[in-house]
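Some structures are shown below for you to check.
Both complexes below contain chain A, partnered by chain B and then by chain C.
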Partner chain A sequence: MTEFLPVALQLLTDPGTLALACLATFLGIVLGALPGISSTMTLAVLLPFSFSMSPGVGMVFLIGAFYGSVYGGSVSAILLNIPGTPGSMVTQLDGYPLARRGEAGKALTYALLASTFGGIVGLTALVVFAPTLARAAFAFQSPEYAVLMIFGLSMLAYASPGSTFLGILAGVLGLLLGTVGLDMITNLSRFDFGVSHLQAGINLIPFAVGIFGFAEILRLLEQPIVVEKAATRIGSVWPKFTEVIRTWATAVRSAIAGVIVGIIPAAGSAIAVSMSYAQEKKLYEKTEKFGNGNPRGIVAAETGNNAAVGAALIPLLTLGIPGDTMTAVLVGALLIHGLQPGPKLFTDHPDFVAAIYLALALTILLTFLLALPLMRIFARLLSAPPRFLYVGVLVLCVTGSFAVQNALFDVLLMIFFGGAGYFMLKLGIPTSPIMFGLVLGPLLEENLRRTLIVYGDWAVFFQRPVTIGMLAVTAVVLMLPLVDIARHRFWPSPVARHD
Partner chain B sequence: MSLKQRGSLVGRQDRPAERPAVVEVVAGTLFVVIAVVGGWSLLTNPYLELGQVGSDPGPGFVPWLGVWAIGLGGLAQIAWVLMRARAAGGLRGRGKFVPARLWLPVLLIVSMVLYHAALRALGFIPASLLFAVPWVAIIHWRTGERFTARHLVQLPLEASLIVAAIYVVFHYGIQIQFP
Partner chain C sequence: MKSILAGIAFFGLGFFALLGNGLAQDYPSRPITLVVPWPAGGGSDILMRLIAETARKELGQPVVVVNQPGSGGSLALREVADSEPDGYTMSMIATGFIAEQYGNPNAPTLDDYRVIALVGTDPAVIAAGGKTGISTLDELIAAAKAQPGALRNANDQPGGTSYVAASLMENVLGIDLTLVPYAGSAPVVQAIVVGEVQTATPSVTDLIAQHESGEVKILAVAGAERHFKAVDIPTFTELGYPLVTGTVRALVLPADTPDEVFDVLEAGIMKALNDETFRETAKASGFSINPLGGSEAEAFLEQMDESMYPVLQEAGLVKVRQK
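On to the complex of A and B.
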């Protein structure tokens, strides 16, 4: 990591980069705090701004927005009892009761301290484990990569909310979308339907903006928009030092749980926070009550949530597998800058990897520094009229999609995928696996065909220990919906049998 | 049978078997339709076979694999839902799909398509204003707030502010040349 220092110095001494990091963190916190705006939507909408930046500065900007939005989610969870992001769904259980007692400031500070600690542990895990895993991944050849992509896609589709079977089908649909355009080996076009723009393939950005931005606004418009009244009395922001120290063991345990869950592709922050919270609840079930303003509950949730952020970057950077939808959008950012995530990133672009470490460290520090003095402002922003936000996001969806290649066709793609994504959600089809398929599909096809060209036949997949192991796990994951169907078919519920 | 399984069966006795929703059949049908369209696109592309050289299965291999997977998967979904419906005594009319709630999202999709067309014809600022002013008003109405004379000025002003801010950031900040 000798490359780290020059990169760090270059980024840290550039006032423009620092200002951009502050702006991204601020925007991330504000957007993450607003109900209905998820971290993924925040990233998708802000992604086009990174085009004009160098890869390193672009990452500082995006990771700032990413991490800021994760903390921002806790602000609305505490002040409105509405989680701003899925990862903050547990924070509200103890955060909101504390806010209702007039101690919102304390709750926000507990969340901030826990976020900072979790973020530092996640960052440490990233710095320690990512290079080791990247070195191990160097032993991978095309058969391992092909199976790894299938494994990752299956896991991501399996873990998506909603029907597992429809999630897997959606993942395959994404894979198909990834094959649209010119084939990289033969230069022959697929699925272009006579539209010349489609020969270049489907750009990730209009797709992500459509699916995670436009589709979300469509969903929010279905019902009357309720403007929630935020808990305006922030009160004292500093809890007693002894009270904070009392939660140290909770923070350590939750950070470890967050890192472990975060590393697993597809597990996501919602699982990390649920695990951390459940673990603490179980440990203190005889001595403490949870769900009525216990700071330990806030600490458990927020530490686990933020530790998972750094950890989720490990499979992304080392194997090229996004851990969740947010990191899938980050893959789009890397690809725009001509960088392919995977072990080669560590040897070919060590300065860029260092920039990511630094971006995360800087953002953790900035969130801590910005959130404390701006707590009251965040509380006021939650009461801002939604028309600003919704129309702003819609115009941003259009301009952001256009800005990718200065092409109006990309705007049309964004509208199409947003509309299609919205109606798919209405049909109960999860849309995030489509994004995973779109990201992993081209890599899967390339490695699968390279394997068959080099090794001659399919037998190679059953002759290597790593591929056998991953295929076995994939088979189990893919069989689970079938097992469920068989269980319902052959062992129906007594009522169904009676009918 | 494990305790957990027995427990879940006992739990189920209290409630009737849930009927699957029509939208679950529609979801399966959608995948079948996509597979048919995809398959038709591959079948009518005479060049794809040229790519099969040596042990390379060619550029049509993965697309065909995907088309078959979602086609058969879609059929399996339809079959599975119909089997459940037969056991439960029919299909439910609706799931998350409530047509009465769809008019505003559909209006927004249509507005966005018109916005896209207007971008080419009128340029960014006029097209964005034409889109933003009515939608600021619609969302204001959607929040249940009243319209007063003040809003005749305030809402267009807010829309102009949003468009101007985005134009400045993209045009002057990151040098995007708008149509």
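On to the complex of A and C.
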């Protein structure tokens, strides 16, 4: 591979290509930051432009837009509580509260640092371990997917602030919402109440925009509008070095989680971020609060999200199986240039593979450099007078929900969930577990039922090493609180309990 | 002052442009919308964007792709069927549309449309996993007949392209497979490579890389002729089992579209589909382009409807209307 690096380097040092890479990254950040325009849509829209470019330049262009949009998604999540892309849904849980406290700049910097670190880890995984890790993806079949989702759901209770009971209640609501629409296995429509649009199921974006973004505007409108000087400051953009260093372990763990989920074909970034966030929340539940501006929450989500980018390219390049919908678009781009992604790409076009590696490295660097000045501009938006800001956010809520599928129904859905989210806020029911249920539930059901079709027996879950391992970990996670209770009861500690 | 005048002139022109819309002889006088009932970035979406780009040159107006996914495509297709038949809103239908007609109460039927053109058929294949040791279609038939239902087949949701292909193959080969639904082609490829299933029925492009590396063996292609990406693989017909099936894509307009508008659009689209550059780009991406104009395309789809109906009936997918 190394002998091809000079060729690839030559391509990337060409001023025209560099300018194009900058443009693509910039477009990616901006489009990604717009709610409703996901990374997949950004790529689909920019794809035709790459047809006329040479294969290498085309890939630099698309990878630039792809990676840029993954970071861009976190901007609107942090500033407006509206996820720009599904992968940034978890970023806002801690990012938005931090921005509300007047530390928007800091939140954006954490996101940028975390995503850059995640990007680098993902890239390293891609370059160093691609062939080995690709085989590991094959250990994942329907039973393993099903158990992975069970594991994710066991984390659900920890993923919510406050009462575990209310968290589980909200999670079950999410699971129920996930059953709406056409069932994958039988193609029957469930819980559509005769509304034809509900056959398509509840789309994640209008749901998240409503329950987080719109509900937040409703809550803000309760208070008389006064321009709070403190809350509209951008705040220092750079967090203290020691504060950043404090989150290193989180970053490493989340990057690993991101890489693992990224490699598993078709798992998707929403799962990667859900997993890494829930994992950190569980680990630090005794000492730190999440959901009210904890930088660790931002770091967990963004590192996981961006580590998944490089990792998702692994099954694509080595096996020809796209890791998520974004890389599925990249398959289209490769094919048009006569490059068939798959086992033979490495032997037939090693120079091209080297160019992809370098393009991703270049993009990570460009995103970092471009985001630094852009961040200040983005953050300044928050200091607009509330009467303009709220209206602007509402407009984004509506257009963002509409843009996902060009359907007015999704706007109504967003408003419905906005109202529901507002009442849940009032009642103290956490809203984030609903999202976890909605993401994980349909995948659990589909894979569980497929497992039973293929293997015909529940016993299969206890006969495969990976499923046994994951079930054991799940059991431990669920038992821990009980052990805690037992310990307090039988061996009361001299120290008062935290809660 | 100047700018105000310019503004008035601009709006005046816009007004007359709007008036012009009603006149069929000026068609097309504004951008045409191509509704793709699938998400952005999928195979059909990429192909439609290519067609839109080429058709723009032929029609002299932009063709704007709008993605309206949901409910197996039926939502958007119903909307297009009920839209103003002025030639400014067209849509795309694919194999799954045939099944939706009988299974989904909201879905439009073929009678609700005028077919502009058939774009082509991406043939389905039947492939066996490398670990099965099956390397010809006859070996597969023998293995399946030895233990009916023991071989599993990865495909998509009931009524989907791959599901229908698998069912048609079961009938023509006289075998019995256990059909396992997967969401999309990527999980199907993974399932057959690791051996969760022994057979799969996706399209040529989905599996050709794995076929070349020996991880799976494509046994036969359900095309009218051999596929340009897999010239060494025989067709079902060559092997004595006449079967042509796969992803059929066609462009449609509402049923009441007047002839003068329809003819202009049909001519423009057919020119675009026969454009050299377009065909080369589409071919490079693995799309089979075999254009058929309006009436021929309509006959083709009716024929397809005929052959799929018994399969759908057998699978219990004929629920809301009968043939």
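Remarks
The working rule: the second predicted complex is superposed on the first by the 270 of 499 C-alpha atoms of A that agree within 3 Å, B and C clash if a C-alpha of one lies under 4 Å from a C-alpha of the other, contacts with A are read in each partner's own complex, and residues count from 1 in each chain.
Here is the rule we use: a residue touches a chain if its C-beta (ideal position, glycine included) is under 8 Å from a C-beta of that chain, and two chains touch if they have at least 3 such contacts.
Given the structure is predicted, the values throughout are model-derived calculations rather than measurements.
Shared-chain residue A:L173: touches chain B; no touch with chain C.
By the document's definition of touching, both partners, chain B and chain C, reach A:I185.
When the two complexes are overlaid on their common chain A, residue A:E445 makes contact with chain B while staying clear of chain C.
Judged by the touch definition given at the top, the superposed model places A:I453 against both chain B and chain C.
With both structures placed on the common chain, the touch criterion links A:I78 to neither chain B nor chain C. Of the two partner chains placed around the shared chain by superposition, neither chain B nor chain C is touched by A:V309. By the document's definition of touching, of the two partners only chain B reaches A:T399; chain C does not. By the touch criterion defined above, A:F51 lies against chain B and chain C together after alignment on the C-alpha atoms of chain A. In the superposition on chain A, A:G342 contacts chain C only, with no contact to chain B. Within the superposed three-chain arrangement, the count of touched residues of chain A is higher for B, of the candidates chain B and chain C. On chain A, the surface touched by chain B in one complex and the surface touched by chain C in the other have residues 48, 51, 185-186, 189, 406, 453 in common. Partner chain C is touched in their complex by these residues of chain A: 40-41, 43-45, 47-48, 51, 137-138, 140-142, 181-182, 184-187, 189, 196-197, 199-200, 265-266, 319-322, 325-326, 328-329, 332, 335-338, 340-345, 405-407, 446, 450, 453-454. By the touch rule above, chain C contacts chain A in their complex via residues 39-43, 45-46, 49-50, 53, 66-72, 74-75, 78, 103-104, 106, 152, 157-160, 178, 180-184, 186-187, 189-191, 193-194, 196-197, 205, 208-210, 212-213, 215, 281, 284-286, 317. For chain B in complex with chain A, the touching residues are 9, 12-13, 15-17, 21, 23-24, 26-27, 30-31, 34, 38, 41-42, 45, 47-48, 50-51, 53-63, 66-67, 69-70, 73-74, 76-77, 80, 83-84, 87-89, 95-98, 101-102, 104-105, 108-109, 112-113, 115-116, 119-120, 124, 128, 131-132, 135-136, 139-140, 142-145, 155, 158-159, 162-163, 165-166, 169-170, 173-179.
Against chain B, the residues of chain A that register as touching in their complex are 48-49, 51-52, 165-166, 168-169, 172-173, 175-176, 179, 183, 185-186, 188-191, 193, 214, 217-219, 221-227, 385-388, 390-392, 394-396, 398-399, 402-403, 406, 408, 411-412, 415, 418-419, 422, 424-429, 441, 444-445, 448-449, 452-453, 456-457, 485, 488-489, 492-496, 499.
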